[in-house]
Amino acid sequence: MPRMVPLLFSSLVVLSAGLVSAQDTGGSINFATTADPTFNPWSPTAFVESNLINELIFPGLTRWDKNLKPAPDLATSWKASADGLKWTFNLRRNVKWSDGQAFNAADVAFTFNEIVLKKELAANGGSTWRNAVTKVNVVNPYQVDFILSRPWASLPTYLGYFAGILPQHKFAGVTDPWKFTDFNKQNPVGTGPFKVAQVISGASVKLVRNDLYWGGKPKLAAVTFKVIPDSNAQLAQLLSGDLDLISVGNPETVERIKAAPNLTVDLSTANVYYFVALNQDDPRFQDVRVRQALLYAIDRPAMIKSVLKGYGQVATGPIAPVQKGFYTKNVQQYPYDPAKAKALLAAAGYKPGPNGVLQKDGKPLIISMPTAAYQQLTPISLLVQQYWKDIGVQADLKTLDWNSYIQQVIVKRDYQASAAWWSTPADPDVLPYYDSSAANVGNNIPNYKNPKLDALLEQGRKDTGTARKATYVQAQKLMATELPYLYLWYPQSITAYNNRLTGMRGVTLPADFQYAAEWSVK
Amino acid sequence: MTRAATVPPAGEVRQRRTGLLPRLLRHPVGITAVLVLAVLYAAAFLGPFVYSASPITTDALNTTASPSAQHLLGTDELGRDVLARLLYGGRITLTISIVSMVVALSIGSLVGALAGFYQGWTETLLMRLVDTFMAIPSFFLILAAIAVLGNAPAVVVTVIGLGFWPQVARIVHAEVSKIRNFEFVEAGRALGASGSRLIWRHVFPQALPAAAVLTTLGIAWSILTETGLSYLGLGIQPPLASWGNMLQNAQTYFWVKPMLAIYPGAVIALAVLCFNLLGNVLRDLTDPRSRF
Amino acid sequence: MVGFLGRRIGQGMVVLLLISLVTFFLINLAPGGPSAAARFESTAEERAAIQKQLGLDRPLLTRYGSWATGVLRGDFGATLSGGQPVAPILRQRLGTTLQLGLAALVLSVVIGIPLGIITAMRRNSVLDHSVNALSTLGMSVPDFWTGIMAILLFAVTLKVLPASGLADMSAGFSLSEWLRHMILPAGVLAFVMLPNLVRFTRASLLEVLGADYLRTARAKGVREGRVIVKHALRNAFVPIVAMIGLILPALLSGSVIIESVFGLPGMGRLAVDAALGRDYNTIMAVTLAAGFIVILTNLVVDLAYTVIDPRIRHD
């Protein structure tokens, strides 16, 4: 029995010697994902763990260029009718699915008519699409018409945002597309530069080059996604060379990554904004002075410095600076000013109470603030709680797990204040998050209702050119004054990768993944 | 009936129990563990009166600061005082570990004693129940329960306690079954003492030493369990501090601020070590030949 | 013997039924609901459609009924997180956990029992005390902490072992690759179990060593090494086997954390993911499987007694 121990050790030594040569198989890279992916961008069980992988397998009609504007992918050109209710897309010819079948207009019509627009399927983002798109008609094998119920200028942008096209022929005879697990979990068929070669549940997904890819032979032979839920484990693997790229969730670790000579840290900006939602069903928050006071009370630059280590900038509204054509700085600003916050609350009728908590009509200003043990929501809420406490507002924090949080805050709207974030396409159309019709049932989390804003956002969907910009500038000014959400900041996305990986565009990760055929290794 | 209470316990049993505390305090390892634990408890429960920094006041402009006169052990990622959090976290963690063992001990002793004393179908029924709970690996059970009931401190305490009661029940059952047939119990029974009276006044106290050993080791187990739950994000939630969630939090900052992880890690290891040592010493003292 | 087996199997079934009832009604009371029905960005209409798809709009009793009849036919249902049948996933994950558990068990036994014997023979020696101190210390450090430290040392600093994950067996089974990936997690898991085994072996042996027949053997001039091997060990073996049976549930519990730390696709991590994602069908299957394993092990251990010590009979 004791002989076992030296035996183990000697085999270890031999093994570690063999490790070096194992790496130079050439043209293969390793990424991380957090769970087993679902190979179907529309499946309600596809989450963040599936998004990037699906970009490699299922291109959409458009993809984003370096300025995050829609560029041709499976569609080569498009135009809208004069009334904006019909969009015609010309499709790329000679595109083949990875199983050899030809791609054509029927696949596009199938994807939208049979999957996305079917209410009972509840496809990812389905309501956003159903909100404007009625159906997709096949004009000829290389042309489709999107028939709209209301104008939607952002259609081409949304078509490049996790809107992959599925193969009609594979779904023939499938009654429930979400239970089509042979496709969704094992053997998907797409038109992208990579196709699935092997899935080991809970361990890894290996993609190999799709030789039939229309854009020419992808430079990499293989891309493997390892399933690693823990971000510290991901970092450890990046440092040890087992992973080539990770998305850095906690900016605190950037310093450590920068210290490694073989790693590069890449910063990019997507249209993401963090916010504190104040439930508008609560009469206290219907007073705009209260909303403004609660924002004046938060030292956002200090929070950016501590929570984001400086990788972010103060947010002014839902349209981030990355949208150069629409973003405006000339809106009401809320620099950290506790005195002004107190004055506004005093004007709104709040007076200091016995225990330091402000009160109005004998009722103390206490805010119930559920938060989730998810990414950085808890630390953000803790800091906000402290800032509010400093001006005499008491926030009662309750930390829930993610699913319970969604149930309470999103489903039941049972909260008074809560911090979260929105990540949207780089497009000024933010109607789903602000429209009165989306209060309580949709993405309008604060249940904010303002007919003026509704009208502006509806107008923006119809406008084109400079009129569109003018409308959205007006909308941004209105939102900055009215504060439907308390805007916190636009974070920078931080990606860390091994220097051997080249060909990344450095835009945003989702946009980079749409050009994966260009990646290579040194 | 009054005479029943004066029936002396069997000699062997009595000898095992005499002077346990003095013997523990004379034992070099025992006294060390007791002293260290006393210091930890004193720090956690009295420390905040001496060290007045707040464990929850954040300061975004003074995060991960080095030790200073104002913050003796520096600040964490949100600018909170690390020492204050250690002290308050100690309160939570140490309270959880003890209360959860009280839960385990009460349920376990009750079930074990009833099963051991009454035999027959009561015993069969109760012990099958114990087996059921023993059969589910405790962590799976705790995981499911936390997912259901949420992670309020009271829930965490109860659930950890429920994870341990079957072991207590088993030991108490075994001890009580052993003692059940001793002369003095039979004598009591012959004298007409009621069952419950016999259990509580005579039989149960005899099973206490074994239960005490188990509880001491159980406290160590429950501290580690709370830490493990925190690692999975299911333990005590912020803004409350516990040693477990401090350690979990600090993991992210390990690369840049290892001290944030070292402090809670060290106190957890110290407390668990002392409870383990204490349990071992108690075991040696109460029953030198025992195996568990 | 047959009667004993029949009784134990019957009891085991009842226990499993109880487990399934308790778990089913508890998890369905949990707030949150399955991830697909609790998406941050989905609308009320989408959520209602998903509830319907997953059959969550039916009454609880009906759902238990259809789940239970499915299980009796050998169908554990589909995961709520991807629509796949639960059984094959569970089998695959169980495989990983068993590999991890067995590797850890072997390590504990191979290291723990000899250490227990040595410390029993050299009672109160420096060796005895240092093993005791070390093992108590090992019991006192959180296992995820030990795991992270091991990763930092062996994978990040020394770069001799992979930081996490399973060996890639697509090119066929390779024992060396398997060992490379298994040694850290199994080592850490064993490290946590080891102290119990060492201490227990030592205590069992000490008890036997004091027995009269050994004193007689020694008096007859039998060498101490022979006394230990021929007489003492054999008698100390029964409780040690029992201990191994007790270690198993602990190993399963430990695997939850170890698998998370080392990114191993085992049953423990499946349990955590399923609990967080409220994947009811998966939680049920995992809990039943864990219960089944423990019941089975207890039975095997009891039967093993008869083999090791013919004096024990089950009737």
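Should a chain be cited, it is by its letter among A, B and C, assigned in written order, with residues numbered from 1 in that chain.
Just so we're on the same page, a residue touches a chain if its C-beta (ideal position, glycine included) is under 8 Å from a C-beta of that chain, and two chains touch if they have at least 3 such contacts.
From a predicted model like this one, the values you see are computed outputs, not experimental measurements.
**Student:** Going by C-alpha centroids, which chain is farthest from chain B? Tell me that one.
**Tutor:** For chain B, the chain whose C-alpha mean is farthest off is A.
**Student:** Between chain pairs A-B and A-C, which one is joined by a greater number of C-beta pairs in contact?
**Tutor:** Looking at contacts between chains, A-C has the larger number.
**Student:** Can you work out the whole-Å distance between the CA centroids of chain B and chain C?
**Tutor:** 23
**Student:** I'd like to verify one number: the distance from the centre of chain A to the centre of chain B, where each centre is the average of its C-alpha atoms, in whole angstrom.
**Tutor:** 45
**Student:** Centroid of chain A to centroid of chain C, CA atoms only: how many Å?
**Tutor:** Computed from C-alpha means, the inter-chain centre distance equals 38 Å.
**Student:** In chain B, which residues are in touch with two or more of the other chains?
**Tutor:** Touching at least two other chains: 147, 150, 233-234, 251, 254.
**Student:** Which chain C residues reach two or more other chains?
**Tutor:** 30-31, 148, 260, 276, 278
**Student:** If a residue has to touch 2 or more other chains to count, which residues of chain A qualify?
**Tutor:** 232, 401, 404
**Student:** Which residues of chain C touch chain B in the complex?
**Tutor:** Within the complex, chain C touches chain B at residues 11, 14-15, 18-19, 23, 26-27, 29-31, 136-137, 139-145, 148, 199-200, 203-204, 206-207, 239, 249-250, 252-254, 256-257, 260, 268, 271-272, 275-276, 278, 283, 286-287, 290-291, 294-295, 298.
**Student:** Enumerate the contact residues on chain B facing chain A in the complex.
**Tutor:** Interface residues on the chain B side: 56-61, 63, 77-79, 147, 150-151, 233-234, 237-239, 251-256.
**Student:** Mind listing the chain B positions that touch chain C in their complex?
**Tutor:** Spelled out, the residues of chain B in touch with chain C are 128, 131-132, 134-140, 143-150, 220, 224, 227-228, 231-234, 247, 251, 254, 265, 268-269, 272-273, 276-277, 280, 289-292.
**Student:** Can you tell me which positions in chain A touch chain C when the two form their complex?
**Tutor:** These residues of chain A touch chain C: 1-2, 4-5, 8, 11-12, 14-16, 19, 35-36, 38, 44-45, 47, 119-122, 124-127, 176, 178-181, 184-185, 198, 200-204, 206, 226-230, 232-233, 236-237, 239-242, 401-404, 406-408, 410-411, 420, 438, 440-443.
**Student:** Flag every residue of chain C that touches chain A in the complex, lowest number first.
**Tutor:** 30-47, 49-50, 52-53, 78, 80-85, 89, 92-93, 96, 110-111, 114, 148, 151-152, 155-156, 159-166, 168, 170, 176-177, 179-180, 183, 260-266, 269-270, 273, 276-278
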